[in-house]
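Presented sequentially are two complexes of chain A, the first with chain B as partner and the second with chain C.
This part shows the complex of A and B:
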């Protein structure tokens, strides 16, 4: 059969049309595209039945309540919990990443022992037990123990263990709660300060980063949310006074810039104006306080703090107009606050009639310890770990024979961190109970892996900042890895072996006793409920005038520039480092590659003759860091803001080797009057690198 | 081209004055939608993020400086510039609710849509996603993991929409008339400040109905007429001015 041209064209058209019409090539293409996207090395999702368990975060310093979504037995999401008073439908940037952290590459999965050449070798729990019992046995009378858990009853177990080992050296890692407790003691009160932010009609935060990291931050933010109806005028004004226009200032309706470390003076300026317009008190030392405050005229305070005199006057007038104002003082980065600063803020509350009234400061009851010979909370607050290390460093006290760390990372998280690590090096035997291989673990002879909060039974009792005494349980929602042991049970067992009687054999029984002491019902706690008490402790506080006066005589910092560390929960804590999922929340001009950016305003940059991206050395007698400059106008003049949470030398690829640790630049001083170690006011010199 | 009409239109009304820039929404988004963590996230052009919280500044020197944060998901545009350029219809705006879909198995990775999107809401998988060993156990079953070579973007947590509809059907309710709060995105759910409110803008019973009509509400680059389904609310004029690059003397809404 001959094929002519026309016939051929018809044939081609027919074939083309056929191809167009038949689905075969399209199906093949589709299959191909799907096939090329199904590589075996890309994980696929696994389905299963969904369950939700309410619990509380032991990782996030805000003690946020959370609902864990499980698929089968795997926790996959951390969700906010509408019913938890410390969540109120919100979640922190740290806690929301907690499920992922169960599988963090930095997790310690079996006991490790440091061998002679400094390398860590995995050992069995039996070996670890034997080593620990031997070392602690021979260190009897010379043991120190440091806990990084501020709210847990495990501190009773640890402090009782330390006491039974013949030592008084039980410490908490420093935070805002210790200066607050000391201020309360100096003012003649008992219990714990509680802040009734929900019922306040005017919220003034001096230093304290209430909408990001201070106290029960997520609960604070729920109050902020209610006070700021979407798209409308706020019903309760929030004012932030601090050196950096950070996250709290971004939400606040007004930001007043002051120099870092001048929070106490600013509060006294307000007290001065309140007294001048008639505020008074029956407190025994009111006249002493009034004469102290008399020296803090708006002009003087303006000079000390860098705020404007008119701004201070306007603020005092607004406070006076409010019916239920609340003043919250603290350090911008959650530690190192002088006791006098807290007391000065409290003095303003007293002058505003804010003690034990709705929307003011409440004195919350604190339950007595349930474990024999454990320290009470008040006694724990008295203990100052930084002061202890400083005494050892100065040769005024002997280093202990052995030191135990529980979820604490002093080698990274203390001021002058390197110096502190040097002091720790003087301790012959160190062991840590930890979830992650952190900087402190890298100094220890023995690393004992403990379960994460999601894998263990634990508790939270009235975190600092809470508006009422409360108690809740962290319940195990994820299976515990094979080779980790819950620390509390382990210590109770160890105590038994060493012949120290703590009165309990099982951790669960300690918690049951604690629940009872708090007045809570165990069954309902185990069902995920939170026990909240409406009780307050009656008291007539004094002003602590003497303490405030002495505190304010503290020398101003050395150096030409003030340092303002910035603490944000997305960066994690010294215990967690940066959670893998949180890297992306670090801003462009906070970190580039491994280089940290520090921020200053344009005037400061001009003074230094530097511009954005220039390399500078920020230094003082404690240490120095190399950084690049970011020009950001939301910072007090002559001040440099440095993000906390960078510069890890341990943990994993998500944290290690990124930027510098600002703690190196924080110099410890001792507050006149209270003797408390303080580092909220550091000076630095800055030069072009 | 006329925008398609939808009976249900899911929108976000984000109050910029309430956002403090904490980043919880960004982390919640990654966890919900199975985005992989990265070791170095500082090269922002390569980092996959369906939701980014940008920092805004009023550009005044200290002490008159003011700051704001702007969370930016996909705007689910009414006239999506990204849809018309896709040669394989891997992205479309079709379903009731007005969410712009992204069918990653169909995507051929040409990245036209990325060029077309005025909001930089689209991301290309330059690499295969990878999780540290064991962390893949935390993947949710709701959203499949995307391989290298395809584009992805925020879907308003579309799987939650489907779950909410399923639930309504099971309970004998109309899936096209969900109650306010039946369906919320992961970011809106996470935000402790309640800065993100989510709902059906066509339903007067949903909070966003009023919010989108607020005198302070405007949308990003509104004058491009992409007709976004994300409304931003700010009582601050300088913020609204920046949302649409207004000229200095031009009047802004509100």
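This part shows the complex of A and C:
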């Protein structure tokens, strides 16, 4: 029986019809759709029992307490910790991303050495040890060390190591704590300013972005939440004085817009009105301060700051009426503040009788160093890294032979960042202990990977902004990657090899000694408890009138417009960059593609003849950035707000090449009186691109 | 040339030239055989559990229930399959003389190795399923299920099996043949009797987080 063409076609038709009533097409279609979801690189859940461990964030500058949910030994989620005094049921956008950042593509996972052609090659720890010992040995006496950890006892290890190497060049990366410490010293006090926000009945923040990123922001938010019960009238008024209507201004019961950098003058205006209403003090320099403040009439302050004279008067009256008012002064973006500004704000607290009383400013005790030859906290605060680099740049000081960085990223995070990187380039040998391949690591000859806070034993001692002295441990809750090493133990070992005696061989012993010095119980700390001290340091502070007077003689910023950098924790920090987890939290009017948006109000936009989405060049003598315009009425007139945390040239695809780094526009000046490097008041010119 | 035209009138009828409906039906039957018999043979590979396990012995002889091993942890998460340590609570030493029990103790208990049990109804990560929400308490508000009945509404009823069922692994998807698809979940989630009586919403995000 021959099969002809017609027969074959009939057969095929039969097969086709038949196959449609079998599972073949339908099952294959379904299975193929499932198969497309089965690529090996897609991470999959790991099942196991859930455990929760309380610890503290070493990445977030708010030092927020957190509860880590683990499945087996794998952290899967960061949750708020109700019992931690710096969390109180809240969590920051940076800390919440930590579990995912363990797997960040920007992590350094093995020691890297820069080869002759500039490329980084992986080396063993033994090779790294030998290179570091050789370079540090030959640089003896000409070493500088920079730490980006403001609250850790590792600073004692690093400063002692530097001292044993014959150098006093140990520095912290600049932040709010340094000007505050200098202000306290100038006012004749000891310890550290603490802000008892929970017990205050009137909170005034001048510049300090207390509900966004300043100080212990998450704890501040918890106090704000308690004072603003849902659906009811606020029990404690919060007032914000600053240039940008960020989260703090938006949440506050009252927002008074002022020009960036005029916080000190505003505080003096309040002091003037308080003194006029009878406020007084037994401080030795009260009369000098009163004479200084007398010049800051509401009208003059209104002219200097851009606030209304009536608004200033109303605010002073409200402060006077309050029983436990608190004034917090600082920078909107957490750095570059003049010492005089902090002192001026503190003077208002003194006039309100707010020193060491509930709901006021407390002087918190600071434990003495436990490591031999380490700098005390007060000595660390005296050191000014930006001033040091400026001296090298000006040829007034020789660049060191070697520089060590510990979780610090000055090549990105300092004002005039490119200029600072050029100065760093003059240092012949640089090594960094870092978790991520950041801009500073890209300048270094040796990159040494350290574990993240979730993988190591570390500590937090009284972060700036806290209302009481406290101490807690970051406990290792996740296994440490094979080729990273904790920096503290490594430095202690290196000190031994170089013959520097620091008095400790193990990092854990240093922490035990620190806990004892703080008065804390080690076992309790290791169980996740936080040691909180109710002690304060007794003192009768002066007003620092001389310092404030000199500070206010600083030249006003050049340029037609004021620059207001905005710091938000979701954008990470210089040492973390933008957590990949947080890219979706960047708003479309902050960044689109690789273009940054700067914000200004309608009046400023009209003055510049620009409208939303127009391209502009924002520039000054330090640098320039190209940006698009967002028009937002929550910005002071003649001011341009620029988001910090963009413009990275290192890290990973989630941060690199996105927008511009506003630090390029912040010009370093030196405050008359204190000599502190300052950059809170920057002026810019804006033109259409 | 006209003679060569196929025309029934000149003898070119279908039956004699493999015409008519026969080729169609042959094709149909071939397709049906291929689709219903051969295709599953090709698509699925047969696998067996790495250790012989009799649910029947544990249920009938030891008086255990499903939840004796497959329980909810204190935090509400489901323990799933027991670990070797859990099994070792009873089987640290042989309780009988079954060679598989002896092998289990030697290969797993003594070495601490976990058994790579084959899960018949493993769900992909994009499906959020909580055993806690499908508990006796919630379902028996209206139903009157025994534990075995409730578990076997979704899982194969292994309670009376002496041998674990053969595991058919789909060569394309790598899932078991018995993995529940969405329509199976919807038997309950989309059932009108459940509307208003349970919280078994059929909204996408109830299962797909």
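By definition in this document, the second predicted complex is superposed on the first by the 645 of 689 C-alpha atoms of A that agree within 3 Å, B and C clash if a C-alpha of one lies under 4 Å from a C-alpha of the other, contacts with A are read in each partner's own complex, and residues count from 1 in each chain.
Please note the rule applied: a contact is a pair of C-beta atoms (placed from the backbone, for glycine too) under 8 Å apart; a residue touches a chain by one contact, two chains touch by 3 or more.
If you're wondering where the values come from, they're calculated on a predicted model, not measured in any experiment.
Colleague: Using the touch definition from the top, say if A:550 reaches chain B (first), chain C (second), both or neither.
Modeller: After superposing on A, A:550 lies clear of both chain B and chain C.
Colleague: Output check: A:584 vs chain B and chain C. Expected answer is one of first, second, both, neither. What do you get?
Modeller: Once the two structures are laid over each other on A, A:584 reaches chain B alone.
Colleague: Considering only touches as defined above, state whether A:47 meets chain B (first), chain C (second), both or neither.
Modeller: After superposition on chain A, A:47 lies in contact with both partners, chain B and chain C.
Colleague: In the overlaid three-chain picture, which partner chain does A:37 touch, first (chain B) or second (chain C), both, or neither?
Modeller: both
Colleague: After the superposition on A, what does A:75 contact: first (chain B), second (chain C), both or neither?
Modeller: A:75 sits against chain B, while chain C stays out of touch.
Colleague: Can A:21 be said to touch chain B (first), chain C (second), both, or neither?
Modeller: Touch status of A:21: second partner only.
Colleague: Of the two partners chain B and chain C, indicate the one touching more residues belonging to chain A.
Modeller: When the residues of chain A touched by each partner are counted, B comes out ahead.
Colleague: Considering each complex separately, which residues of chain A are in contact with chain B in the first and with chain C in the second?
Modeller: Correct list for chain A: 30, 34, 37-38, 42, 44-45, 47.
Colleague: Hey, which residues of chain B end up touching chain A in the complex?
Modeller: Residue list for chain B touching chain A: 13, 15, 17-24, 26-28, 30-32, 34, 37-44, 47, 49, 53, 55, 57, 59-63, 65-69, 104-106, 108, 128-147, 149-150, 189-194, 197, 207, 211, 214, 216-217, 233, 235.
Colleague: Residue numbers of chain A touching chain B in their complex, please.
Modeller: 30, 33-34, 36-39, 41-48, 69, 71, 74-80, 88-93, 96-97, 99-100, 102-105, 211-212, 217-218, 221-222, 224-225, 228, 230-231, 233, 245, 247-251, 257, 568-570, 579-588, 591-593, 601-603, 632-637, 652-654
Colleague: Show which residues of chain A lie in contact with chain C when the two form their complex.
Modeller: By the definition above, chain A touches chain C via 1-4, 6-8, 10-19, 21-24, 27-28, 30-32, 34-35, 37-38, 42, 44-45, 47, 49-50.
Colleague: Could you list, by residue number, the parts of chain C that touch chain A in their complex?
Modeller: Residues of chain C touching chain A: 17-19, 21-32, 34-36, 39-40, 43, 73, 75, 77, 79-80, 124-126, 170, 172-175, 181.
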